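Letters A, B and C mark the chains in the order given here, with residues in each chain numbered from 1 onward.
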Amino acid sequence: MKKWIALVALIGVFSIMTAACGSDDETSSFKQCEAGETDGDLAFYNWTEYMDPDLITAFQDEYGVTVTEDFYPSNEEMVAKVQVGNSGYDMVVPSDYMVSILIEEGLIQPVQEAAVPNKGNVDALFANPPYDPGAEYSAAYQWGTTGIGIDIGVTGADIPHTWGLLFDADLAEQYGLSGKISLLDDPRETMGAALKYLGYSLNSTSDDELAEAEAVIKDAVSRVAAFDSDQYSELVVSGETIVGHGYSGNFLWDFEEGESEYDYFVPEEGGTVWVDNMAVVSDAPHPCTAFTFMNFLLDAENGAQLTNFNWYASPNGAAVPFIDQEVLDNPIIYPPDQSKLEYIADTGDFEINFTDSLTRARS
Amino acid sequence: MKRVATPGLETQAVKEKARQGFLIGLPSIVYLIIFFIIPLGYVIAYSFATRSRSGRTELRDWNVDAYVRLGEDVVQAVAWRSLWIAALTTVICLLLAYPLAFYISTRRPVIRNLLLVGIMIPFWSNFLIRTYAWRVLLSSDGLFTKVVEGLGLGDGRILFTRPAVILGLVYGYLPFMVLPLYASIDRIDWSLVEGARDLYASGWKAFRRIVWPLSRPGVIAGSILVFVPSFGAYVTPAILGGNKESLMGSYIVDQFMDARNGPLGSSLSVLVLGVMLIGTMIYFRQGGRNL
Amino acid sequence: MNKGAALSTAEPKGASRWALRMHSLLIYVFFYAPIVVLVVYSFNDAQLVGDWRGFSLGWYEAFLDNDNIQESIWISVKVCVASTVISVVLGTMAALSLERFRWWGQKAFDAVLYLPIIIPDVTMAVMMLAFFNETSQLLNLIPGVDLSSGLEKLVFAHVAFNISFVSVVVRARLANLDATMEEAASDLYANRWQTFRRVTLPQIMPGIIGGALLAITLSLDDVVVSSFVASVGGTPISVYVFGLARKGVTPLINAVSVVMLSASMLLILASLGFQRATQFAREEK
């Protein structure tokens, strides 16, 4: 029994210790870098299968450094790692709302314009994003939308472009979608789609609006096959589902494989647009190499090569002439009407309500 | 065996032996304190901490909000559902594993080893890949579906339903039931059973009176090893169940990875640990503590 | 060990015997069904796993071309070997300490040793995340420890759960052994170390091997804890595959899995062969 008391005491001591040193003062001034400067090998933390390996090789050859690339499946997981401090990573690729969180947390450092002369290549649309005013801390990497992918071989091409395909009982009846629907397993995206369906902003912080959206999902659960953030496009292509909620590029990749006719669209009520951004970690061991790499990727031809590789849209204005015409002409990659698209913004304390709502809706 | 010695020397020898035992255990004690007890302490500390606006867990403004939330209906529903699914998985595993373990232990040594290694081999591939392979088998035109329907057993499409989740869990954790069961059944002295049979006990009676009690340590060990991961599982329910029902594992991960709500995620973790502790303690009370 | 005679009566006769055989056969079918799917579809000439388009070795070529995957596999192997060795040594010592000695505070240690077993992966992962979150700076001060490489963190975390599993398996073996042999040895004036090496160790070897196999399996198969802990240059294959699966399950993943499966089967066969060889050698003496 005494051992246990000792253990409890030990735990107490430790918590006090950390509480005491929990408030690190942040007085660091960042190391200044010049264009083309390298200060060691690069540790690049990126989404899986998002980077053309040839570009990495080209960068290594040009600057004589080695690039280590690690991968994460979600923004939150990346933050969890970077937050630890001394993560060893130099550059990360957070999505929009996560950029603002990283800035608030002091986890990424301002982009040194002197070291990144190509930053001017970023299209005006992405030069002043709401999540990072003035793009002070980040440079856009790739962008895309969240919408609906559907097997029109089954439903026919003449379908209403609405979120109702996912949520509405009558439409499900009409097109035989019941049990053949997948929704993203992501509180912000899934609740966001329901909010958009109801005509609200997907960044709504109104309890009533969120409760309405919860009711929409709850009603739809019986017709949903799966909540899935990974395989939604494969499910459509393999015929397991007919309609899926997901990201543009993934659908596009998998539609190539299917035997039926497919379509992807952002519903008329509007949907999510997301931008993934390059950012240099505050305690990056090799910030100069990181900025040089950022500059390298913002180069017109390199930016085009990236888009030709991963089929997501390039925010790099200067790259457009080098992008394959079939990519530029593809309305899924470059949606013609971007007026109804909305960024997901960090809602601070309200954030936990999205997760709670989704949990309640499906249980 | 008793040595004749003066009481003083005797106690000294006992003390010396205790010291040696402690020293042999010391490396693991130190290791577990640093890499298990202290981390556990942090989770407990987190559960009383505060979520900052940007989702960082800050060790200040200590409060019990995260524990108050454990009383909410959602949490209760998630917890009971997870308990039920884990219990069902454990029972199914036990029913499937017992005869198999018995069968294996009655084989010749060479075949026995082959059968045991044969249970392990599938688990040397990757867990996720195995689970995705089940998804292929269970899909509408998958082999499983066709076999079930071919045998006239009704609708075989169970992908994205609770039965699929349980099937996946049983698949994943069955070896953890078979191995300890095998270990304890293998130890049984069969001459006892033979003796009972000679005394005209029926096969069933011999089993109930002799084999079952002797194999109980294995049953307990196996049940714990199956129940615990089933209760916290989150990959299998996502891939095979389509995540339509919130379960404990995914609920905790959601707190950390979506809501970035460290305090609630931590209090849920503490709850889970508490349930496990109480469960195992009851179990041990019932059947001795020999895992 | 006159087991053979008794065994014949243990096995039921007639119909129930066949039922038992069928049952066991079906369970092995159950175990191997997904493995067969996995192997077959690794030769699939298509982008998607579930959709058969003809035979191809293309995914194996892709595997050979993919440095990231090979790198990840090496990381997994390194972590697995290091964590298994450490946890086997520590776990065996813990088992001995608990089973062969009596000392103050033993009960508490015993209880703590069970905790990593009864704690779900997710909780363990969260604990490790919080721990490294708060103490990585402190730990880096220890000479020879550099957590930024990621490998050490993985090894630390894997050992933390493997110690317990190893010690449970070894203890089960120790508990079954008669301590009289050891006592006899020590009465013959062998010192403790000699007694351990010559008498105890050979007898508990099956337990140690079993524990090691379990540790290897748990380390290689762990996704949850590893994905919370992994960092720079330290993505093990299970975590890499987890990420890959999110971008679509291509047969590449199957090919990777088949390669790992074959390698580990070869390893098992080799170790079984080695065991038999040493057994023969011992018997001949």
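In this text, contacts are C-beta pairs under 8 Å (C-beta built on N, C-alpha and C of every residue); 3 or more make two chains touch, one makes a residue touch a chain.
Please read these numbers as outputs of a predicted model, since none were measured by experiment.
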Message: Top contact pair of chains, counted by C-beta pairs?
response: B-C
Message: Based on mean C-alpha positions, I'd like to know which chain lies farthest from chain B.
response: A
- request: Provide the C-alpha centroid distance between chain A and chain C, rounded to the nearest whole angstrom.
  value: 35
Message: I'd like to verify one number: the distance from the centre of chain B to the centre of chain C, where each centre is the average of its C-alpha atoms, in whole angstrom.
response: 16
Field: Where chain B touches two or more other chains at once, by residue number
entry: 37-38, 40, 42, 139, 256
Field: Touching two or more other chains - residues of chain A
entry: 7, 18, 77, 80, 83, 238
Task: Would you please write down the residue numbers of chain C that are in contact with two or more other chains?
output: 49-50, 105, 109, 129, 133-134, 242, 245, 249
Task: Note which residues of chain B are touching chain C in the complex, please.
output: 1, 17-22, 24-25, 27-29, 31-32, 35-40, 42-43, 46, 57, 96, 99-100, 102-104, 106, 113, 117-130, 132-137, 139, 142-144, 171, 174, 183, 187, 189-191, 193-194, 197, 203, 221, 224-225, 228-229, 231-235, 248-249, 252-253, 256, 262, 265-266, 269, 272-273, 276-277, 279-280, 290-291
Field: Complex interface listing, chain A residues touching chain B
entry: 7, 10-11, 14-15, 18-19, 22, 74, 76-77, 79-80, 83, 101, 104-105, 182, 185-188, 221, 224-228, 238-240, 346, 348-349, 351-352, 354-356, 359-360, 362-363
Message: Taking the touch rule as given, give the residues of chain C at its contact with chain B in the complex, in rising order.
response: 3, 6-7, 9-12, 20-21, 23-24, 27-28, 30-35, 37-38, 41, 49-50, 90-91, 93-94, 96-98, 100-106, 109, 112-123, 126-131, 133-135, 156-157, 159-160, 163, 167-168, 171-172, 175-176, 180, 183, 192, 213, 217, 220-221, 223-224, 237-238, 241-242, 245, 249, 253-254, 256-258, 260-261, 264-265, 268, 272
Field: Partner chain C, residues of chain A touching it in the complex
entry: 2-4, 7, 18, 43, 45, 47-49, 68-73, 77, 80-81, 83-89, 229-231, 233-234, 237-238, 250, 253-254, 256-257, 285
Contact footprint of chain A on chain B as seen in their complex: 33, 37-38, 40-42, 44-45, 51, 53-56, 58-60, 74, 77-78, 81, 139-141, 159-160, 238, 241-246, 251, 254-261, 264
